[in-house]
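Labels run A, B, C, D, E and F following the written order; every chain starts at residue 1.
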Amino acid sequence: MNALTDNLISPVVLCFVLGIAARWIKSDLAVPEPLYQGLSIYLLLAIGLKGGSALAVTPGGDLILPGAVTLALGIITPVSAFFLMRRCGRLGVEDAAAVAAHYGSVSVVTFLAAVEAVKRTGVELEGFLPALVAVLEVPGIIVALLFANQAGTGKGSWKKALHEVVTGKSIVLLLGGLLIGWACGPQKLEDVQPFFATAFKGALCIFMIELGLAAGKRLRDAGRAGLRLLILGCIIPVLHGVLGVSAGLLAGLSPGGAAVLGAMAGSASYIAAPAAVRVALPGANPAYYLTLALGITFPFNLAFGIPLFQTLANHFSLWL
Amino acid sequence: MNALTDNLISPVVLCFVLGIAARWIKSDLAVPEPLYQGLSIYLLLAIGLKGGSALAVTPGGDLILPGAVTLALGIITPVSAFFLMRRCGRLGVEDAAAVAAHYGSVSVVTFLAAVEAVKRTGVELEGFLPALVAVLEVPGIIVALLFANQAGTGKGSWKKALHEVVTGKSIVLLLGGLLIGWACGPQKLEDVQPFFATAFKGALCIFMIELGLAAGKRLRDAGRAGLRLLILGCIIPVLHGVLGVSAGLLAGLSPGGAAVLGAMAGSASYIAAPAAVRVALPGANPAYYLTLALGITFPFNLAFGIPLFQTLANHFSLWL
Amino acid sequence: MNALTDNLISPVVLCFVLGIAARWIKSDLAVPEPLYQGLSIYLLLAIGLKGGSALAVTPGGDLILPGAVTLALGIITPVSAFFLMRRCGRLGVEDAAAVAAHYGSVSVVTFLAAVEAVKRTGVELEGFLPALVAVLEVPGIIVALLFANQAGTGKGSWKKALHEVVTGKSIVLLLGGLLIGWACGPQKLEDVQPFFATAFKGALCIFMIELGLAAGKRLRDAGRAGLRLLILGCIIPVLHGVLGVSAGLLAGLSPGGAAVLGAMAGSASYIAAPAAVRVALPGANPAYYLTLALGITFPFNLAFGIPLFQTLANHFSLWL
Amino acid sequence: MALRIPLRKVTIIAERVLRDDLITLIKERGASGWTLTMVEGEGSRGIRASEWEGRNIQIDTLVSSEVAETIMDEVGRRYFKDWSVIVYVADVEVLRKDKYIG
Amino acid sequence: MALRIPLRKVTIIAERVLRDDLITLIKERGASGWTLTMVEGEGSRGIRASEWEGRNIQIDTLVSSEVAETIMDEVGRRYFKDWSVIVYVADVEVLRKDKYIG
Amino acid sequence: MALRIPLRKVTIIAERVLRDDLITLIKERGASGWTLTMVEGEGSRGIRASEWEGRNIQIDTLVSSEVAETIMDEVGRRYFKDWSVIVYVADVEVLRKDKYIG
């Protein structure tokens, strides 16, 4: 319990709460769209650079197993999300596939929050984790869209959706940052560290305010989605998170790294996935996937998921 | 005199002058609106965080007297501004109430400039001053609107105006920042300090350019407002400032803190007040209140008010 | 060769490449316009402040020769560019004058890249170089427009074009920054250094992404401009660069400073010049001047020009 | 030929503070939708708070002739005295959705 | 008197993701130009992805009566079922360029 | 019924650099107000400086028929040759302010 509140009382989490609260009291607080987009460019590039410079000093062999395991998570999680949404959530094929695409991909901010939480406990972390974010981002979306395609319900353009995912700004910046970071190495990045590393967590706070505002809007719609979906929005992250933690430990990650991988697997994308899904599955109802991803699963992970995955990773690691 | 020029020759003040000059030569220089809004989010949150973390280490008892005195200033200053505007300024009830709302509230940037000026002299300052800004922001506006309401001239919506003030983004961010800063305490804020504290004064420079551009526009309209109002725009800040300095010293603030409280009392809001006044008193002429607040009183305080309040606070404190 | 790749493998240059690549794969990556404008305000002000604070500690006499030589470059380079474009480029008078205005002025980002490149080699640099940027920015544009005017083809408004150049935001911020930096001196600037100096290179990275996106767009049009112009877009920077390096060394600049002056002379403006040219020479085809300045000469200088000027400056300096 | 309904497009240009009020007003009076654009402008009024507050808003709403009538009248009555607002109306033909979705 | 051609102004308001598709569509069907504005809006549909994705787009294109017909029909056919889109048309008179450039 | 004056809405779409010039022009020719929107667009002209400079502007002004005539003619004469500009006009009915303020 103490670990839980300790996780929640941080500037980053509280700024998210501030955003929700501001929406709740109908404040006119709003992060202007260009600023929000600018911040997401900054955050993605910063994550990429950091991961890339870590890759530059990591022996290639150390990456194979974690990479493979992450890829596997990217294939398994959309499948399980799809069937849970079909069976327990009683959604149609198109809606279930749309939701699955979100759970199959990864929420970058959840990743960041997990990294912070782990670091606060003083535990060491693998530097190359951002590279795993890039690995996990795309496959899940593709797998999920395949379901709808197979069922013949995907009326949207497949080609365009794929282009949207692969050339979407989040993957371009993440991969671009990784490559730049890797090519430059830690030393040449030193000059840009005050901007990209030191200022990072403060900038994240502003971003969290906007996420809070957006989540607050979704939370109000959460009722409409039905209790059934609300519960699934809390169960799926736990399920996928446990899977991610176990897979991470088996792949040789440190307990901290495994907790972060768990948070990644348990998270639902709300940047890359919605754009692709809107193009590929226009008939799917955004009320489902946006409310689940942003209104339920993201806050759930922030508050409960991440400390849970940390605890599990610590316990599981003792058995290995 | 030396102290005066020394106060004026600072990047923050000169950036304000640059803005005025750019408007004057009809340059196309403009701070894009989303950026300006982003900067105001940043500044307000940063002030709040700083004040909040100071609150966390201040014994509650030390706050009661300064808080009460600030509240009293928030009730007295709109009243005096209202009557001065009615009698000497010869404004109608609605216009006088509108102007009074601005003088009853506080200009956050004047506060910041005062803090800087005091710090440059090497004098120590109470860390909880930002909390007093939050205390001073709202009541003055409400008191001023009551005048118009009583006179039956307030045709606008009262309820909406109140909502506007209380849920306005400036108060939400300031209070939100205070709460977050207080909950986290200095230690947990350390990670976000490079962004919110170290970068603060540079970011303020960009904000000042925009304020200069806006003030430059108003300065051109100043003629229309008439000499009578121009003079009042310089007298009121001195009057309220002297009141604020005295009240601050009596409440036990350090001379530096009292000087800052003087600047706060002497300042006129140009963020929170205009929005509320436009809603509550649509018949009041913005030419009066915007020109006075931004075109006259703000530059006056920046150039003369702040050094005056510093000198007075130092002298007065010797008599106590 | 090693120096060449070493120059290219830097976060700033690679972010430019990332922008080009993103455009190439038709990614939806875009730096929102207000953010781009905000970054340019920041960069110009930062450069000005830095140069200004250096001016404050430089004896006036040291500036006369470099300043005069820079002014001379601002008069010679548009003339040579004009005739090359007329003779070898076979452009009409209006188009040639438009292109000449760009080569006569200076690209601030090329200047920055050159400063970085020189600093990376550990060579010392004159601090007042940003002041030379301000000197070089305007005259070249005016000289070039005179050609069109003389030929009677400039149908646009001269007065307005001049106003556009002299009160344009780039010159206002650069000069304003220089004055503020000079008035405050290094000590009073210390407070704003974390924002304007430490964070500078990181912020430049984001700016470079947008420049890369814009250049990528131009590169696709480069074909239309014709091989003839493509070649001129690489020859002119070398010619002007060699001139700049020699002039710099003769004026007593250090080899590093001369290399930077070479890069300045060899660069083509794509911020101040296009705006002025569009107003003064509306009949000139932007396809020519924008493609040359941003699509060809800027990347050429970034990749080849700057290391070349460094090498030349080092060699030439041995003969003096 | 594409099936179209003749409707009226009511355009309201106003200060930004009126945003929520105006949207509520037109919905109450029977509009089923609206489109809002951020604009700048100058009119017969002098200095306005909106100069500092930022830009104006333009709201377009496609409505029947009667609804157009009520909205215009209501906006005029409520806002013309104290606020910076103009309203105008034009004829448009809107493509019928039911023909394609049905 | 200034010489003008009577044309039709087709206005399409749609989710942002359709931007490139719609521009391609109208150009293929014969439009020689278009003007795009970022807008916000509310219509008959419920929650839309675009709420998170950001604002809507409004595309205006000045075309002949026949081209207007084809564009409207095509937009209705392709997008009305699954997307948040409306289309309307109005009469305008466009100043002829040739008279001044010629 | 709400009282309305039939007026003409002149719309000018142009490069951003022309902003101040165009506003001066329409005011000189008798317009009492204008509304400006930032837009993007593509027309018959090729690459334009405004691509780099940013978006186009759209100016709408409600004027009498005669003023509309003069404005259009003047814009055509001054800008059609060298600039990226189009102008069109449409009929609108504007709500009379005096009826509500009076």
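Note that in this section contacts are C-beta pairs under 8 Å (C-beta built on N, C-alpha and C of every residue); 3 or more make two chains touch, one makes a residue touch a chain.
Remember, it's a predicted structure, so these values are computed and weren't measured experimentally.
Shared contacts of chain B and chain C, meaning chains that touch the two of them, come down to A.
The interface holding more C-beta pairs in contact, when C-F is weighed against A-B, is A-B. Shared numbers divided by all numbers used gives the overlap of an interface; between chain E and chain F this overlap falls below half, so the copies present different residues.
Its C-alpha atoms superposed on chain F, chain D is turned by 120 degrees; the angle is given in steps of 5.
Taking the CA centroid of chain D as reference, the farthest chain centroid is that of C. Set against the Cα centre of chain B, the chain with the most distant centre is E. Rounded to whole angstrom, the centroid-to-centroid distance between chain B and chain E, based on C-alpha atoms, equals 47 Å. The centroid of the Cα atoms in chain B and the matching centroid in chain D are 36 Å apart.
Work out the mean CA point of chain D and of chain E, and you get 19 Å between them. Centre to centre, using the average C-alpha position, chain C and chain E are separated by 40 Å.
Across the assembly, chain C contributes residues 32-35, 194, 199 that each touch 2 or more other chains. Residues of chain F in contact with two or more other chains: 37, 81, 90-91. Listed by chain label, the pairs that touch are A-B, A-C, A-E, B-C, B-D, C-F, D-E, D-F, E-F. The part of chain F that touches chain D in the complex is made up of residues 1-2, 4, 7, 9, 23, 32-37, 62, 90-95, 97, 99-101. By the touch criterion stated above, chain A contacts chain C in their complex at residues 32-35, 37-38, 41-42, 45, 49, 163-164, 167-169, 172-173, 176, 179-180, 183-184, 188-189, 191-196, 199. Considering their complex, residues 15, 17, 46-55, 81-83 of chain E touch chain A.
On the side of chain D, the complex with chain F involves touching residues 11, 13, 37-44, 56, 58, 69, 72-73, 75-77, 80-81, 86-91.
Put simply, chain C touches chain A in their complex at residues 9-12, 14-15, 18, 21-22, 25-35, 116, 194, 198-203, 205-206, 209.
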